[in-house]
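Note that subunit A is present in both complexes that follow, paired respectively with subunit B and with subunit C.
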Partner chain A sequence: MKISQEITVDHIARIEGKAGIEVDVSDEGVNAKLRVTEGPRFFETITKNKHWRDAVAIFPRICSFCSTPHKLTPIEAVEQALDVQPSEQTRLLRELLYLGNVIESHALHLYLLVIPDYLGYPDAFAVAEQQSSLVKDGIFLKDIGAEIQSSLGSRSIHPEAALVGGFGKLPGWNKMQAIRDMAEQGIATAERAVDFFTEYEYPSYVDSPRRHLSITCPDHYGVYGTEVMSSDDDSFHVEDYIYHLQEHVAPYSFAKRGSYKDEPFMVGALSRLVNNGDLLTGRARELMDQHSAFLTPDNPFANNFAQAVEMVSFLERIRDLIDEIGEPEQEQPAEPSRSSGEGVAVTEAPRGLLIYSIGIEDDRVVEADVITPTAMFLPMMEVDIGDMATGLWQNGCRDEQTIASKLEMVSRAYDPCISCSVHVTRL
Partner chain B sequence: MQRPRHQALVVTLGSTLAGEDAAGYCVHEALRGMVDARLVYLGTDIFRFSNVYLGEPRVIVVDAVYAQELPAGEIIHFAGEEVFSEITDVATDAHMLGVGEGLKILEKVMSCFPEELHFVGVSCKQFGHGEMSPEVQRGVEQAAGLIRDILTAAPSEP
Partner chain C sequence: MTMKIGIHGLTSCYGCQLSLAVVRRILDVVGRFDIEYFYMLSSKGEISPVDVAFVEGSVSTEMDERELRQIRNNADIVIAVGSCAIHGGVQAILADEGISYQEAFRDVYGDSEMDYEGCVARPIDSVIEVDYRLPGCPPEEPEIMYYLATLAMGTWPEEKDYPVCAECRRAGNPCILIERGEPCLGPVTVAGCNARCISYDVPCIGCRGAVPHNTAWFDSLAKTFREKGMDRDSVQKRMAIFSARHPHMQEMLDDIYEEEQ
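== the complex of A and B ==
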């Protein structure tokens, strides 16, 4: 007689978007499925035949949390397609804006969604009741990111001030100084997050070798680049992504699913640190050296630690960027030098690689392809969910609630953004 | 914390891209220049309240609400403890961190929290895309009127 157990989580709580888990585990093996139930929204289709200006305003609507990466990445792709040369100030301000989004996203994820798991509380409210200073830290860090996006992007979501070629209205020095002060103060706050995540051991059931993909940072640890590198020492130019990254559709999921060299892989903060950690500087470097044992490439729970280290690193970078930019000069956005072309851009969204490929003819978008980080790592996440279920089962755990909550923890460690992942499924 | 210039702050919430969820923003526009209070539109993020709050003793939070039993455009008003006891939304995912849960968390973590807190909600039915129904448009006007009344009333007893 086969003894097996079906575990179903209809809705994974405390992630961004709607997805569920189905696991059938027995002594003979495990079958794990991550069902993405959020409906597809066809952004690549609705931007077709639109003027590129309209298209870069539409793409960020893929997701409110990730609207800044979904604004700045297509801007880069359009600029390549139309040979637009933005100023150095624009590049620095874009990086600042982008890092604001990463800080806000990491803070929300770690403090409001993940930390309740670690402390054994049902939600962030329970944490706030018992350990209010923790949640206070999280809200402060999240607010730094929101403030940067409001100031540079004109609002905290769907930043309209970021334009192809430059920026709309820029903040004055007082605002920049205020952000700098917040970032400076935030560094110590983020250090406490690193300390928090070094107090816990990772569950070993999900230890398994995997490849990590990220951009190759050209000079400093950051979010912009043109090369994609793999932890197996391979790399490719982002223009060749189509030859290296495959996408598949599963009958039980509205999201596309990525593979690299025909295998699942990981992207995100952990992958960035695995591949580019040697570029960290300052306090982030010291923390990384001090806690290097927590950067375990084979365990997805290390992603939370990596996000905490990134908050320190990016807050230091924000401070330094503002010192470098000074008071921003209001510049005229650079203009395109042609009306047709193709451009491919890759950036590091909070959850990992984000690729936009855009083809333009006579100022109209004729082709668009968007690959999001969550779509890339979903198959790896499914493997880890299966491994967790197997590990618990083999160690005698039969309690459905316990297994279900551990499976949810695995998925939350990845910080999936389901809304982003369902933008493109072609049915 | 800076000293507030006003005795009251009106915080409006909602997405202008999600159908009738724009009700909070529309109330904000309806009140602009019409009331002796600071007006702040926070998009969909109640947690930003902790950063924009300057210590005003009276705070009114305005948002679209969904309640099956309420007709479109109906106004609800909770004050003081009612705000915490009557708004029982619980987040099912990060996109849905609600105003009730957010305020409960903020009350626990903010070093200074308003003495007098009101919540004004406009009952909405359609949070996807499309235009606001005439009922919700009328609800927005009524909510603006109610907020003007709250702002001119004497402060409630602590």
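== the complex of A and C ==
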């Protein structure tokens, strides 16, 4: 009878970026590490002394899955720094563009990376051979998001046409109509995703209590705000983030690791739903009420369900936004009214809070700080990985392969974005 | 006969792999390929012998270097995909600005110790021999299809050697560099995107890298930028974002900006 077990996953498959898991579990306890081996890319260093226009072209390269948030968030920070006042139309179009990314990212995560776990396949190619309609649903949802980002941003990965002050050439009414039709059609598709994830019980053992951080939505369930709220009824203004969010270095991780009130915490779709779920409307509201038992704040697997509900909610919002915007009017981007200043912006990227703090002097970036959601939730993910290993061990599971695949599933539920996580600078 | 391919990622944003994963017309050709390795999408597979390996990302750690050698040893053809693999990517700006790895590391991680050793980002041809290059940040779908199709037919892809400008004129865009003084890098950037950004009225940032074989006209573009009122530092920094380097860039800019004084 073994008295302890080491489980090592060198490289977790089906996530964005390179990370491994190292767990040592015994009756005495567990030691779980998430090794982040993706190389550092020093984004804050390489954007220093650059013109802000060039810097906002560099930041999105942090990550392809969420390049649009890594475009729009620094744009907001630069606009605050230089007192740029974009038009109301620009604000609405930005929200539309941003939601396009969230739809694409959630669809890619759920259908290509997560669903193979639920069905016991190594990948979506194998799923497609057996259940092609399921993968087609995913591709269609991804296409809606990609179409929005291409139409407004020039392309779905690394969009260049979102600018400080406004946009480049805007799509015409026919294109907007086509997107609206796709979104309308996508709502039913996304509902099938909610159905899928409510057919399975969540794996047990991962239920440590946790705080959820998200933005405080000013009016509707969305991705833009200025206030950060915690599920323990606390909140802070994003400009004060430095006093509330701590970061630590661990020798086994090129990603820095966040804590709030000295404890691990969670961000992402589940956190948004926990904190702002009351604001859901329409079909998303109905689905949420119908499946409220699946919104378990302390089980990370609920994040998959939350992403599915969000796809419904955001597709409804996309439809309504297009109705509100109508035919976009070509405008000149708003100009900066000064050349120096500081700005802090926060948005809800697909994986959770994304914070950019940018200082500019004479049109040059002199200081930049980027805090990504994955860096924030890594320690919480480690807790859950440890809990899962402990739970399986205590129930007699000794098969390394079985334990390893469960641990990978835990990490996948968070939808980690490792490329994003390796860029945090401030100490 | 199907062709065995592997799709790999080193240090990067994973955008090239994502582009390969979501090619819309992939079904037209997918029957001709067996995907042996695609770890971003599949939990099966170890690095094993393949006909063609596609590699995204820069060499930024010792592990990247080891993995890359293993990929080369197992592949008949290696294709560098995207700006990071071909030029080192935006993270290679460090090299351009002469910032050492240790300096950057201290800037970010302070005095902390790390179990892994990193390095300043390098293109993959600094470690292994590369057979073909598929440019872009990320690569464009028609070009991905072209590369796959030529390989499937047993021939090879021909790299473009002319600038975005050529495609931009064909697309019928007004020249935003000449007419409005926008800092457009289209004249030195390798074609293949159909002047995507300029067609959205946004200046090219050179994400595809410079026209190959040292034939990019950096000097005439720098002269034009100077005439449009850009200072020397801005010109140099903008050209360097995606490693549009010229071995004599400094001297060239010295000459161009000296004339001014």
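Everything that follows uses one rule, which is that the second predicted complex is superposed on the first by the 421 of 427 C-alpha atoms of A that agree within 3 Å, B and C clash if a C-alpha of one lies under 4 Å from a C-alpha of the other, contacts with A are read in each partner's own complex, and residues count from 1 in each chain.
Note that in this section contacts are C-beta pairs under 8 Å (C-beta built on N, C-alpha and C of every residue); 3 or more make two chains touch, one makes a residue touch a chain.
Here the structure is a predicted model, which is why all the values come from computation and not from measurement.
With subunit A as the common reference, the superposed partners subunit B and subunit C clash.
Of the two partner chains placed around the shared chain by superposition, subunit B and subunit C are both touched by A:H158.
When the two complexes are overlaid, the chain among subunit B and subunit C that reaches more residues of subunit A is C. In the superposed model, A:E44 lies in contact with subunit C only, and not with subunit B.
Residue contacts after overlaying the shared chain place A:E147 against subunit B, while subunit C stays out of touching range. When both complexes are overlaid on chain A, the residue A:K33 reaches neither subunit B nor subunit C. Looking at the shared chain after the overlay, A:E129 reaches subunit B, while subunit C stays out of its contact range. Look at A:H291: by the touch rule set out above, it reaches neither subunit B nor subunit C. In the superposed model, A:R61 lies in contact with both subunit B and subunit C.
Looking at the shared chain after the overlay, A:K169 reaches subunit C, while subunit B stays out of its contact range.
When both complexes are overlaid on chain A, the residue A:V249 reaches subunit C alone and has no touch with subunit B. Only one of the stretches 25-33, 97-105, 169-177 or 223-231 belonging to subunit C overlaps subunit B in the superposed arrangement, and that stretch is 25-33. The interface of subunit A with subunit B overlaps its interface with subunit C at residues 11, 13-18, 61, 64-65, 108, 112-113, 123-125, 139, 142-143, 146, 155, 157-158, 419.
On subunit A, the positions that touch subunit B within their shared complex are 11-18, 61, 64-65, 108-109, 112-113, 123-125, 128-129, 132-133, 135-136, 139-140, 142-143, 146-147, 155-158, 418-419.
Residues 9-16, 18-19, 21-22, 24, 35, 38-44, 58, 60-61, 63-64, 89-91, 93-94, 97, 99, 104-105, 107-110, 112-116, 118, 121, 137-138, 183, 196-197, 199-202, 205, 207, 234, 237-238, 241 of subunit C are the ones touching subunit A in the complex. Of all the residues in subunit A, the ones that touch subunit C in their complex are 11, 13-18, 35, 37-46, 49-51, 53-54, 57-58, 61-65, 67, 108, 112-113, 116, 122-125, 139, 142-143, 146, 154-155, 157-158, 160-161, 163, 168-169, 249, 251-252, 254, 256, 408, 419, 424-425, 427. Subunit B meets subunit A in the complex at residues 15, 17, 42-45, 47-48, 50-51, 90-95, 97, 101, 104-106, 108-110.
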